[in-house]
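In what follows, subunit A forms one complex with subunit B and a second complex with subunit C.
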Partner chain A sequence: MTKIRYNIIQLEVTQAGQVVEIRHRLPSNYGRCIGFVARHVKGVYSEVDIPEIGLLAIEFNSRKQLFVNDLIGYETEVEQLPEYKELNIPLESGQLITGYYLDTQKGPDKWPYLNKEWFRPYKVAIYLKCEIQNSNQNVRSSAIHTTATQTAKC
Partner chain B sequence: MKNHKFQQIRIRINAPGDSVRFAAETDKLFAKVRGVFASVPSDQVLVGATIGLKINGQDVFDDAHEVRMITCGNQVAPNNKFFRFEEHIEAGGSAIEGRYTDPQGTNPTLYPYDVKLYLWLVNESHSDKHGEKHPEKHS
Partner chain C sequence: MYDHLLFIQQQLKQRNVEPALQQFYRTDFPVGTSYHQFYAYNELLFLTNAAALPPGTLIHSDSKTSRIPVNIQSLEGIDDYSGTISIEFPFPLEVATTVEFIQIVIK
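Now for the complex of A and B:
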């Protein structure tokens, strides 16, 4: 039976213009990545929506597939349900998800002399929607382990 | 026999930063959980709030899953408010377990407040009659 799991990669941005490196290992039983959403979690405050606070690039399977390039924005109010963008990437077991997040926020023009003091640290989350394949096999392998343990005791 | 039910789970949050475990059981008369929707009294408590959810022993959301991912504003039509599950999640008296974590540093005057978690329960036969917008997998 195919099951779906949502894996979350959280990034902390602490400086204006910072490049945050992504190195994340998905659980080995994930078979395919079928969607993603990346969004600001908390930290940025504004009275109006900001279409871009950063840029995101993600590679799958230890840099073998560059698949995601996205803009991250900020929304003042909760409106629509976040929509997962479709992916269809078979995942190789044990491989890394890598990439970069670049902060591109611009400070207020009237205070250029404040030298980035307007900046506040914030968090970004990347939600990966993945299919788990062969969950029955995993159950079976743990059952074999139990049996072997019991045999050893006898 | 009814084909839909919106089952409500109410979670009381007393103070900023509270992390509250909740448990319930799905209605036995319905076969499947089609979707979920979280309702909070203010957008302010939504920023950074997280919810973990397990139904019938199946991990649906990790504890770090933001509540924002399963809610939307008042302007969204009732039929489109719910986050829909693509996989089959068994209802029929399944155990529901979860944890709601309130973000720290929010306005203290907002407390206490209730989070309402709505589960959309259905019986399988009804989905075919109404031509659902989202494809569902039954494996």
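Now for the complex of A and C:
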């Protein structure tokens, strides 16, 4: 039996043009990643939608697979139920999810990296939708070691 | 001081990347350059001379993005880039600059 679990990666952007590195580890019983949503959640204020405030890249299984390159925008009216973009990535147990988020907001002048006064910190969240197998089949490694030790003593 | 070539070999092995070719790849930027874009699909480019780039330079690719820090001496490791790669200098270059990569073409 397959169960669905959601995992959130939160990113804080504190400087204009900042590169935020992603280093995240999913629970080891996650077997497959089947969807994702990435969106601005807090900090940017505008009366109109902004199609691009940043770029996102996500790699799975400790940099073995690059699967996500996406634009992050700002929406004035946020939908209640986001649509997950489809993925189908078998996950290797205990491996890292890596990548980056690059702030690409355009400031009032030509070189935003040098003039940061207009910038306000904001947050971006990545929601991963993953499958796990039946929890009875997943035993923590520490539990296995404990049992093995007890057996050896007997 | 760690060995860059050994590091690259280990990276390739850990990521199950089988190289078809390994060589140096250099790009020259004349005075006045502020932006350059090129392509490296199905290959990895390991930047070897980050210290030659001005602090604040943004190197952006599909898989990795980094900005050269102010304290350039702190850059011991080397990053790899692939896909569409753009190099954005914080201001137009005042001296001609060469960027050097170790290029790994993937089988």
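As a convention for this text, the second predicted complex is superposed on the first by the 127 of 154 C-alpha atoms of A that agree within 3 Å, B and C clash if a C-alpha of one lies under 4 Å from a C-alpha of the other, contacts with A are read in each partner's own complex, and residues count from 1 in each chain.
Going forward, a residue touches a chain if its C-beta (ideal position, glycine included) is under 8 Å from a C-beta of that chain, and two chains touch if they have at least 3 such contacts.
These figures come from a predicted structure and were not determined experimentally.
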item	value
Larger contact residue set on subunit A - subunit B or subunit C	B
Partner chain in contact with A:59 - subunit B first, subunit C second, else both or neither	second
Touching partner for A:67 - first (subunit B), second (subunit C), both, neither	neither
First, second, both or neither for A:3, with subunit B first and subunit C second	first
Partner chain(s) touched by A:42 [first = subunit B, second = subunit C, both, neither]	first
Touched partner set for A:19, first subunit B, second subunit C, both or neither	second
Contact residues common to both interfaces of subunit A (with subunit B and with subunit C)	none
Touch list for subunit C against partner subunit A, complex	14-16, 56, 58, 60, 62-67, 82-83, 90-91
Touching residues (chain side subunit B, partner subunit A) in the complex	43, 46-48, 58-59, 61-62, 64-66, 68-73, 75-76, 80-81, 83, 85-87, 103, 137, 139
Partner subunit B, residues of subunit A touching it in the complex	1-8, 10, 37, 39, 41-42, 77-82, 123, 125, 127
Residue ranges of subunit A touching subunit C (in the complex, touch as defined)	17-19, 55, 57, 59, 62-64, 66, 69, 99-100, 102, 111, 113-114
